[in-house]
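The following pair of complexes shares a single chain, chain A, combined with chain B in the former and chain C in the latter.
Then we have the complex of A and B:
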């Protein structure tokens, strides 16, 4: 019972942080919020209950190393390097994207009530929060214009997928999880290089301006 | 007899303790700024000083201007009877008192706004305008918070909504509660015109929201306004503290100590928020309130998902 309440709390905080990300436009805070979200995510495997095996340890330490230390460090380096501090609110205003976030949360609760799952679900909140985090990450990805925020949106989406994958925790081989870590690692690395190139080529990081043609 | 004494004690505690919260906020801000700051009891000195002065009234104002501070003061005092202060039960409780509670503050605000318009000053009209716009938004969120608590407690009375908590209820409905608490804290800042919404210590009329409306009040009227805003902070804050801390101890003294320590802690937290945050630009304030709205909505969805 006690594990369940801490699990529910952690899940609620993860979604709260996703909402905070929607309402923030300062790049430094965005990266910090993401790191905080990932650090809570790293604790979730232990809150699921059950015995503590090598599998859980590897996942938690991997999340801590990659998502809490390495990626935020690299993103902060990028923020310093390109010397921009703020993202524009994007095509949606802050209020609209926050309200959309609320709608998406409602949608994910509706979706997960319709979903028929076999096997353990651990907590009634796990699947809705996985969906919410996924959707909010996607909203960040499509509504913001600066490349760094888009990378964070992608990573928040990945956090949602991570939560969902916890359902299959006991049956997934460790190798798959390690492969996912490698994917994120390489993905962010490539995006970092692309961001750098956009910056060098156009003197800004606004991806919405890539659509306009230049002579 | 015991009932009368306890009600009187509550009333006196509310009157006497509330300016102390403002003092604590001021001291915390001074500490963060590396200053000595005004003494902890400064709000009391201010109120006593103002009460000894005589009022000065502009010739363009009517009775509304004179009545408004008294009405605000009495409205918040009546509201203080509806809410439990920690373990001290509310003397007045009935089905639906939560709506009366919200609109007593609405009444106080309405008369403050009318008095501001009564002076005919363009600055005060501007302040009244802003106050109404932002309170329209925050009222929605406040009621959404109440709705979550109604769903959780299945009761429509303020005392049962927030008072009947135990540690067991935290383990059962923790996620909803934590969302309501964060969302309510944001609304607490809006309602009491604290930073990041409004700066109570500002001296520039163009950036004020609440303070600009009371510029023309002086003497005892201003003392009432200051004291009423302190009591408002105390009453809304006690909602927060009672909701956050389940009072389980059977000793009345310990419960009272926990409650007043909680209130002081809340004042310190508000002081810290005011020290580390800058005031939001006017056009960002609706986003802040929308954030509180989404959090409360999320809490409501979780509560409903549990209930169904």
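Then we have the complex of A and C:
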């Protein structure tokens, strides 16, 4: 029973950190919060119980390397090269987005009560927290205007998806998980290059200025 | 054999990064495209064996899409050698390497038999095409690339989630290899399957550019260079269409076709309607083509949703659409390089200034709007027949109505571009048009015409067999 308490706590912290992201506008803190969330995420496979195999080790080390070290480092590097340190609260204010975040968590619990899992579930909180993280990431992505915050929103979404993947630990072969890591890695890499170009062309990184292609 | 082809493409992309001269890189690109074409032709005689414990393999759907890709890429590889050559002082190092990596990921999509691997391959097509869209390095191109990456990545993330839900639904099968899922479909958990299908449809629908997930398409196609547009509209969208075929396969095996059909019909009609209305009064030629692509994606999904002979029509339309869209994007590339603009108002007198390009412009217009004797006419007609067979008169009426709106919109724009006198006085006399950019267009035009005049028996046979897989 010991493992289950720690697991629930980790899941709760992951969702709380996602909420914190909604309320933060300093770019540096946003990246740091994301790194913190990912580091807890990396520990979750071990809290699920069961034997510690090479499979779990690869996933955890991969998450640590990519999401806790490499990507935050790259994003912080990008932040240093931009003159702006703060994200504007975006199209929604801070309070509205926090309220929406709460509603999304309620929605997640409602959704997961509708979907019953036949196999092993590990913890009753796993599916709701996965949905919550996913939705909050999506909210960040669509409500913020700075390129860096949008990238972080996308990555938080990926974290939510990662929690779903844990349900499939026994059935999904390693190859696919490696492919997923690689994709996130390359995805952020390409986004980074483009972000750099946006910076050079427009001398800022506010994607809300990118609207000459609007109809 | 499959591994050999994939390895060749990957290694080719790597070598492109090292080779010192533009000319050498072009030769490598074209020769790899040619080798790929020969390998794919051999697959028609003898389907290759499965590799890596059933993860990779080629079935009939894969074979159809792979053949389309191979022919299209061959034309594009020759064309882009000429296209980049016309941009003075540009290195094609990144361009050719990304083309090959993109082609690698598209080939991987067609041979993936594992749904997770399939997703990885589709995600790679998004990433590898992003640098290609940004080729002209204009601020607008950057904006288009950013839009493409963000919306595309979100779509792809949702598709991943759908794949996971499908895996949760298949938790008793303990595998996502397509053949195993299909043969044990009675073990699938239906509620999770339904949620999974919804996420997969939204995710891959974003990739395909169906309304209402089409936001990136006009911007991206509007800014992509001609050859890249041809690959995106003819190749990458077909990879997404293959995803829909796979979803239908799973739903068919689990007896959930009735759940999927209304979703597909709604998305199809919505895409055709929205695209046709947006084409009226369009000011940018490439954006016009983007909406035309959305319209054709709608037709594909509509045919798939109608079922029966609609599936045959849909598969046939995928073949036709790839070549006619490829052709019209190559034409748009030629126009952009001569006129240095994509604004319809500023492009006039194409027939007088560029006789070959002008001719192809008219031909591709006829092929894209589905005028006989081009193949698109017959496949669109089969889909109409499927709607009538099904007594779906409302859908048939909307379909015909919006297709005629498309015809009127495109006719008024393209005929005005083709006729008249060029505004620029230096363009009054016929310009020299290099063979290297006209021959690929001729090649694609010939295929589009041939498919309408007579469907090759081997293609007809495979189309029939594969549509039988979905129960028609």
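In the analysis below, the second predicted complex is superposed on the first by the 211 of 215 C-alpha atoms of A that agree within 3 Å, B and C clash if a C-alpha of one lies under 4 Å from a C-alpha of the other, contacts with A are read in each partner's own complex, and residues count from 1 in each chain.
Here is the rule we use: a residue touches a chain if its C-beta (ideal position, glycine included) is under 8 Å from a C-beta of that chain, and two chains touch if they have at least 3 such contacts.
The model shown is predicted, which means the values in this text are computed figures rather than measured ones.
Considered on the superposed chain A, chain B and chain C are sterically compatible, since they fit side by side. Looking at the shared chain after the overlay, A:48 reaches neither chain B nor chain C. In the superposed model, A:134 lies in contact with chain C only, and not with chain B.
Chain A has more of its residues touched by C than by the other of chain B and chain C. Of the two partner chains, chain B is the only one touched by A:95; chain C is not. Rounded to the nearest 10, the superposed model shows the Cα centres of chain B and chain C diverging by 150 degrees about the centre of chain A.
By the touch criterion defined above, A:125 reaches chain B but does not reach chain C. By the touch criterion stated above, A:18 is placed in contact with neither chain B nor chain C.
Look at A:9: by the touch rule set out above, it reaches chain B but stays clear of chain C. By the touch criterion stated above, A:40 is placed in contact with neither chain B nor chain C.
By the document's definition of touching, neither partner reaches A:75: not chain B, not chain C. When the two complexes are laid on top of each other via chain A, the two nearest Cα atoms from chain B and chain C are 21 angstrom apart.
When both complexes are aligned on chain A by C-alpha atoms, no chain A residue touches chain B in the first and chain C in the second. Chain contact summary for the complex, chain A toward chain C: residues 114-119, 134, 138, 141, 147, 150, 154, 157-158, 161, 164-165, 167-168, 170-173, 175-176, 179-180, 182-183, 186-187, 190-191, 193-194, 197-198, 201-202, 207, 210-213, 215.
Those residues of chain A that touch chain B in the complex are listed here as 1-2, 5, 8-9, 11-13, 15-16, 19-20, 23, 93-95, 98-99, 101-102, 105-106, 109, 113, 124-125, 128. Across the complex, chain A is touched by residues 55, 114, 116-117, 119-120, 123-124, 127, 130-131, 134, 137, 139-140, 142-147, 149-150, 153-154, 156-157, 160-161, 164-165, 167-168, 170-172, 174-176, 189, 191-192, 195, 218-219, 222-223 of chain C. Against chain A, in their complex, chain B makes its touches with residues 170-172, 174-175, 178-179, 182, 284, 286-288, 290-291, 293-295, 297-298, 301-302, 305-306.
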